[in-house]
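I've put the structures underneath this note.
The same chain A turns up in both complexes below, where it pairs with chain B and then with chain C.
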Partner chain A sequence: MSAVTLTINDRLVTAAAGETVLAAARAAGIDVPTLCYVDGLSAHGGCRLCLVEVGAGGRLQPACFMPVAEGMVVRTDTDRLAEYRRMIVELLFAEGNHVCSVCVANGNCELQDAAAATGMDHERFEYTYPKRAVDASHDRFGIDHNRCVLCTRCVRACDELEGAHTWDVAGRGAGAKVVTDLNQPWGESPTCTSCGKCFMACPTGAIFRKGSTVAETDHGRDRLQFLVAAREKKQWIV
Partner chain B sequence: MADRIVIDPVTRIEGHAKITVQLDADGRPTEARFHVTEFRGFEKMYEGRPFWEMPAITARVCGICPVSHLTASAKAGDQILAVRVPPAAVKLRRLATWAQVLQSHALSFFHLSSPDLLLGMDSDPARRNIFGLIAENPDLARAGIRLRQFGQRIIAALGGQKIHPAWVVPGGVRHALPVEEREWVRERLPEAKQTTLTAIGLFKGLMEKFRAETEVFGKFPTMHLGLVAADGSWETYDGAMRFCDADGTTVAEVAPARYQEFIAEKAESWSFVKSTYFKPRGPAGVYRVGPLARLNVCDRMGTPLADREFIEFRGLGREATNASFLFHYARLIEILCSVEKIEQHLDDPDLQSAHVRAEAGVNSPEGVGCCEAPRGILFHHYKVTDDGLIRSANLLIATAQNNLAMNRTVTQIAKHYITGRDVPEGILNRLEAGIRAFDPCLSCSTHAAGQMPLHVELVGPDGEVVSSLRRG
Partner chain C sequence: MDLADLRAIADAERAARPPAEIRCCTAAGCASADAPAVLATLKTAVAAAGLGDRVRAVGVGCMRLCSQGPLVAVEPAGALYQKVTTESAGSVVAGLTGGAVTAEPLDPRAPFFARQSSVVLENSGRIEPERVESYVAADGYLGLYRAVREMTPAEVVAAVTASGLRGRGGAGYPTGVKWATVAKNPGERKYVVCNADEGDPGAFMNRSVLESDPHKVLEGMAVAGYAVGAAQGYVYCRGEYPLAIDRLTTAIKQATKLGLLGTHVFGTPFDFRIDVRIGAGAFVCGEETALMASIMGGRGTPTPRPPYPAESGLWGMPTLLNNVETFANVPRIVRDGPEWFAALGTPTSPGTKVFCLTGKVANTGLVEVPLGTPLRTIVEGIGGGAPGGTIKAVQTGGPSGGCVPAELLDTPVDYESLGTIGSIMGSGGMIVMDQTSDMVDVARYFMEFCMDESCGKCVPCRAGTVQLHRLLSRVLDGTAGAEEMERLEALCHMVKDTSLCGLGQTAPNPTLSTLRYFRREYEAKLHPGTRAQRLRLPMVSANGPGGHAP
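Right after this comes the complex of A and B.
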C-alpha cells in the first residue's frame, strides 16, 4: 500500500492511499467533528459536520468521504467551517423537536455534544415543530422520531453489523424518516433480532431503551466498537 | 359610575397573576377576583409521550415543588406498571417529600411573607421584601435562607440536583441516599429545628398584632381536604384523602384514585386556573387544601414537638382554624414536623438500600398518582396506550383547588378595607397578602421577590382609566 503526504492545517501528514481525510486527520491527532460517522460502519456523508476545506480555493468536502491525495492541502479549522458547522447543528435542532432538559439522552447525546463543541449558544432558525410520532411497540426499545436526525447510524449498524437490515429510510426531504421493515410498527417486525445495536449506534435519544427516564440513557457505544474490532480484526478486547 | 381596581402583577407569589376589584357607583367594592394570566397547556403537551418520561417532564411545571410533581407522576406510573414499589424506595420518596415541604414552606414564610409580617403591611414597599428583612433582622433572614438550603440540599443529595431532579421514577427511585450526605443532614438538623421553633414563637407573638387581618384575610367556613395516614396522622406521601367540614367533621375518606367522584373542575372565562369544588355539594362545596387544610383534617402530626404545636393550633377552635391567615402558622408547624420526621428516619438503613426500583412493562391502562405538594394535594392522572404512550393526562393542582377560596378571600379583604376610590398602597398590599397566605404556585418560573412593579388602575365602565397608581 503506497503512502501519500498531504498538508492538514499547515502540518505534513502521511496517510495510506485510499484512506479518507477524516482517518488521516484523526490518526495525526487532528480533531474533525462528526455526527453520522461511526468507526467500523460505512460512511454516509449525511450530516456534513466533518466538512473541510480542500485546495487553494477552499472547496468544501466531507472528510469522511474525501480520499487523501499526494500534495493535497486541507484545512479543518477555519472561521468559515466553524460558522457552517454551528449552522448545521442549529438546522438539526430547528428541524426536529429536541428538548434536552426532558430527553432520555440528556448528558449522553452526540447532538448535544456537537452543539456545545460548535458553540451553539442559541438557535437562529425558526423551529419547525414537526408533528412526529413515538413508536413504543417493541418489547425492549422505542423510537422517538422527534429526536431523530436521520444520520442512518441505526440503518448501517443493523445492516452491516447485525446483518438483519430491519431499519431503512422511507420518504423524501422533510418527510423522510427511518422505518422498520416495510414501515410497520417495530414490535411487529419479523426481521428485528432485538440485539440493540441500533440503540448503541443512535447518537441522540431517538432510539431509547424502554423504561428509560430522563437523562438515564447509556448507549454503551464501547460495545459497538468492541463488536467492530472483533469482527474486522478478530480482536476481542474489552 | 362603577370603577374597577386592578393589581397587576401580584408580587411575592410564585408566578404571574392579577387582582381586580369591581367598585359600584359609590366606590364600594362589589366583587374581587384573582386572575391567573399565564397559559401553559401542559396536559396537551404530554399526549404521545412515554409515561416513563412523565415525572421529569411534569416536574418542569414548577421550579419550586418539582419533587411533588415527580412523586405524583411516578406514583401514577407505579400503577401503570402495577408493581409494588420496594419499601426502601417508599422511604426515600418520603424523605424527599419532607425536604420539599420544608424548603418550599421556608421560602413562602421567610422570603415571601415575612416582610409583610415583620416589617408591616403598611411599611415602605421599596423595602418590604427579603432585602428589607435582611437589613432589619439579618440573623432571622440568614436563618430562614439556611433553613431553605437545608431542604434543598437534601433534595440535591437524593436527586443529584436541587431543581428538577429526575430521581423519582415509575417503580421507585434511581438510587439511595449517599452516606456522606446523610451526615451533612445530621449536622444541620439542630439548626433547622431551632430556626423553625424561633419562627413559630415569632409568629405566635405576632398573632395579636394581626388580629384584624386574621379576621378578614379569608376567614370563612369551608371544607378542607388533605391526605391522612391510616392512623389519621399528618401525611404527605400516601394514605387516604379526607374531606372534613368547617367544624372538623369527616365528610368523606377515600382512596385518592377515586378523586373524580368527589372533585369537580370548572373553567372560568377570566382565569387560566380552573376552580374545583366538592362534587356531592355542587359549586357551593368550596374546600381548601394546603397546610391549613392538612392541619384541619388530620388527627395529629405524629412527631413530639409538632404535636405540641398542633394541639395549641387546634386549641384555637374550629372557627379560628378556618382563617386563611393561619396558613402561615400551619406552614411553620409542618416545617417542624418535617424536620422531626427527617430526624426520626435518618438512621434507617433502608435509605442506603440497593433495592429501590421495581421494573415492569405496561400492565394497566390507567394510573392516578397523588401526594401532598407543599401547597396542597396534587393528582396526576394518566391514561396510556398498550405501549405506554400517554393518551390523556389530567393534573389537578393545589392552586386550582384553593381558587374559589382565594377569590372569596380577596373579596372579603376588599369589602373590609376599601371604602372609596382613594385606596392607600398598604390596603392594596393587604389584598396581595391575602393571596400570599395561600402561597399559590402559578407554575411559572420564580422571579426576584418584591422586585416587580405593582400597577393599579381604576377603570370606568367604559374601559377608560380613571386614575393610575404605580409602585416599584
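Right after this comes the complex of A and C.
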C-alpha cells in the first residue's frame, strides 16, 4: 500500500492510501469531533459532527468516510464548521429528552462531551419533548429511548462484533428508533446473547446496565438489618 | 429473433389494423375516472353496431390532458372527446356512421396539444401499452437491434454522449459520461437500474411513461446494458403505481418471450434480464444510494458518496442508474442518430422534457416541450394560465426545487437557467400558484413533506427539518419575530450544507426560494414584540405573580 500526502489545516500530513481523512487527522494529532463513529465498527456518516471542508470550494464531507487522496486539501477548523457542529449538538439536545442531572451517563457521556467541545452553552432551538418509551424488559440491560441519538453504534456492534444483529432501526425521520429484533421487548428477544456490546458502544445513557439508574439506586439497607439480627439474636434468616 | 422477424411482427400488426380506431386512455388518471368501463362500453357499442371489421376500440396510454379524462380519440378522423362517460361513449361509435355525438368534444388543435412536442411521449396515447406488437409496429426495438447488431458498446456510449442527453431525474448529469464511467469501471458483473420511484408531490411523468409505453423504457435499459456491459437490470418502481408495475411486468414477459430481453438478445451473445423491484412508500428511496440499499434488501437509507454507484453500486459492482425518462429517450437516439436529438432543445440542454402541470392552471396534465422553452409558454400558452386569476409563482422541482415568481416567467426552462434563479429542473413537477397561495404556507407544506420523508439517518435532516417546520409554523401563526427569521435562514443553510443525501441537502430550497422572492410575505407576518410577548409567556412581575413583595 502506498502512502499519500495531504494538507490538513495547512499542515502536511502523510497517510496510507485507502485510509480515511479522520484516521489521517487523528494520527497527526488533529482532533475531529465524532459521535456516531467508533473505532472498530464500520462508519455510519449520520451525526455529521466530523464534517470537514475539502478542496478549494470547501465542500463538506464526513471525515469518517472520505478517503484520503494525494494533494487533498482539508480544513477541520473553520468558523463555519464550528457553527454547524454546535448547531448539530443543539439539534440533538432539542430532539430528545436529555436531562443530564438524572442520567446514568452524566459525566461519562459523549453527547455531553460534544456539547462542551462545540461550545454549546445554551440551546437555541425549541425542545420538542418527544414521548419516547423505556424498555426495561431485559434482565441485565435497559434502553431509554429518550436519550438515544440514533448513532446506530449498538446496531453495528451487535451485527459486526457479536454477529447477532438483534438491533436495527425502525421508523423514519423524527420517529426513527432502534429496535430489538422485530420491534419486540428486548427481554423477549430470542437473538440477544446478553453480551453487552451495545451497552459498551452506546455514547449516551440510552443503553444502561440494570441497577445503575437514579431510580434503581438500592442502598441494600435490609442487609444491614440482617447483620444486626445475625449478631445480636443469632438469627440467620434471610 | 432477427430484423426480419421484427419487421414481420410489425407488418402483421399494421395489416390487422382496421381503417378506424377508437382510442380510450386507460392510464391511471383516466382509469380513476372510470375509463375501463368507458372502454368496455366502446367495445360493446362497436360490436353492437356491426362495425367490428372496420373499427376497433383499444385501450391506450396517456393523452396528456389528464384533468379532462377519460379522453377518447377517434383516428384517423382526428376527433378527440373529453370526460367521456359510459352514457356518452356509445355516441362516439354512433358518430362514425353519422350519428349525433353527445360526448364533449376537445379541439386537438388547441394550444395545449398543438404547442407540445412528442419524443418521449411519441407513442403515448397511440399504442396499446399491454401489447408488444403494438410497440414493435411503432418501430419499437429497432434501436436495440441497431445497438446490438450494428454497433459496438463503445459506439453506443459515443452516440449517447454525442446526443448531449442529460439525466432527466433532475440533476442533469451528462448521461453519456455516466455510461462511459460504468463501462470503463472494472467489475465482474455490472448492473443497470431504472429509477421509477417518482415521489415528488404533483409529479406523474414517469408513471405516465410506464403506463403508456413500458417497452420504450425496457428497450432503453437493454441498450444501456449492452453499452456498459451489464446482464441484469432492475426497475425500482414505487408501490403506489400498481398499474405501471403491472404493465412493466407484462412488457418484460412479452419482450423476453420474443427474445428481445433475456438470453441471446437478437441472437447475439448479449444477455439482459430485467426484474422489477417495488418500493414500499419511502420518498428517500428515489435517492440512488438508498434505492440500491432497498434493491439489495436492506433498509432504504442513503450512504455517503463517494463511492458513486458507477464505481461501487449494487453488491459493490459498477452500477448505472438513470431515470425512467432518461431511458425512454435512448431508443430513438440509437435508432435515429444523436444529431437529430442534439438539434432539439438548447445546445447545453438538448432534447425535450416532460412536465406535469398541476395546481392553479386551466389545463392540468402532461406536457412535453423542447428544453429552453420559456416557462411562460408552458404555464400560460400550453397550460392556459390560472383560471380566474393571475399566476403568482410556479414551483418547479418539487420539494427539492424552488418557486419561480411571475416576473421571471420568461426564464427558459433548462438546467442552467433554473439553477441561476434558485430553482431546479427536477424530475418535472410544475405546480402553478395564483394570488390565493400563501408562499410561507407553500414553504411549510414542502418542509412538512421532507420532515415526514426524512429517513432519520443524519441529524441535520432528521432534526433540522423538524425545527425548520416549527419555525415556519411560527411565522404562519404570528409568533415569530426577527430572531426566529434569522434562525430560520441560518438553519436552512446548515441543513443544505451538512445533510447526508439529496433529500436533506435540498429540503430547504422551497423555503430559501420563497425567502428570496417573497420575503415581504414573511415579514408581514412577523410579531413586533419581545420574545415573551411573541410566545405569549405568562407575565411575571418583579414582585412575583401576586404583586406582593416576597
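Brief remarks on what is shown
Assume the second predicted complex is superposed on the first by the 213 of 238 C-alpha atoms of A that agree within 3 Å, B and C clash if a C-alpha of one lies under 4 Å from a C-alpha of the other, contacts with A are read in each partner's own complex, and residues count from 1 in each chain.
Here is the rule we go by: contacts are C-beta pairs under 8 Å (C-beta built on N, C-alpha and C of every residue); 3 or more make two chains touch, one makes a residue touch a chain.
Note that this is a predicted model, so its numbers are computed, not measured.
In the superposed model, A:Val104 lies in contact with chain B only, and not with chain C.
In the superposition on chain A, A:Ile88 contacts chain C only, with no contact to chain B. With both structures placed on the common chain, the touch criterion links A:Leu60 to chain C but leaves chain B unconnected. Partner contacting the larger number of chain A residues, of chain B and chain C: C. Applying the stated contact rule after C-alpha superposition, one finds that A:Thr213 touches chain B and leaves chain C untouched.
Residue contacts after overlaying the shared chain place A:Ala27 against neither chain B nor chain C. In the complex of the two chains, the chain A residues touching chain B come out as 101-102, 104, 133-137, 139, 142, 144, 187, 210-216. Of all residues in chain C, those touching chain A in their complex are 282, 284, 299, 301, 303-304, 306, 451-460, 462-467, 470, 487, 490-491, 494, 497-500. Contacts from chain B toward chain A in the complex involve residues 48-50, 52-53, 55-57, 60, 164, 166, 169-170, 174, 359, 361, 385, 387-389. By the touch criterion stated above, chain A contacts chain C in their complex at residues 44-48, 51, 60-62, 65-67, 80, 83-84, 87-88, 91-92, 94-95, 124-126, 128, 149-150, 168-169, 171-176.
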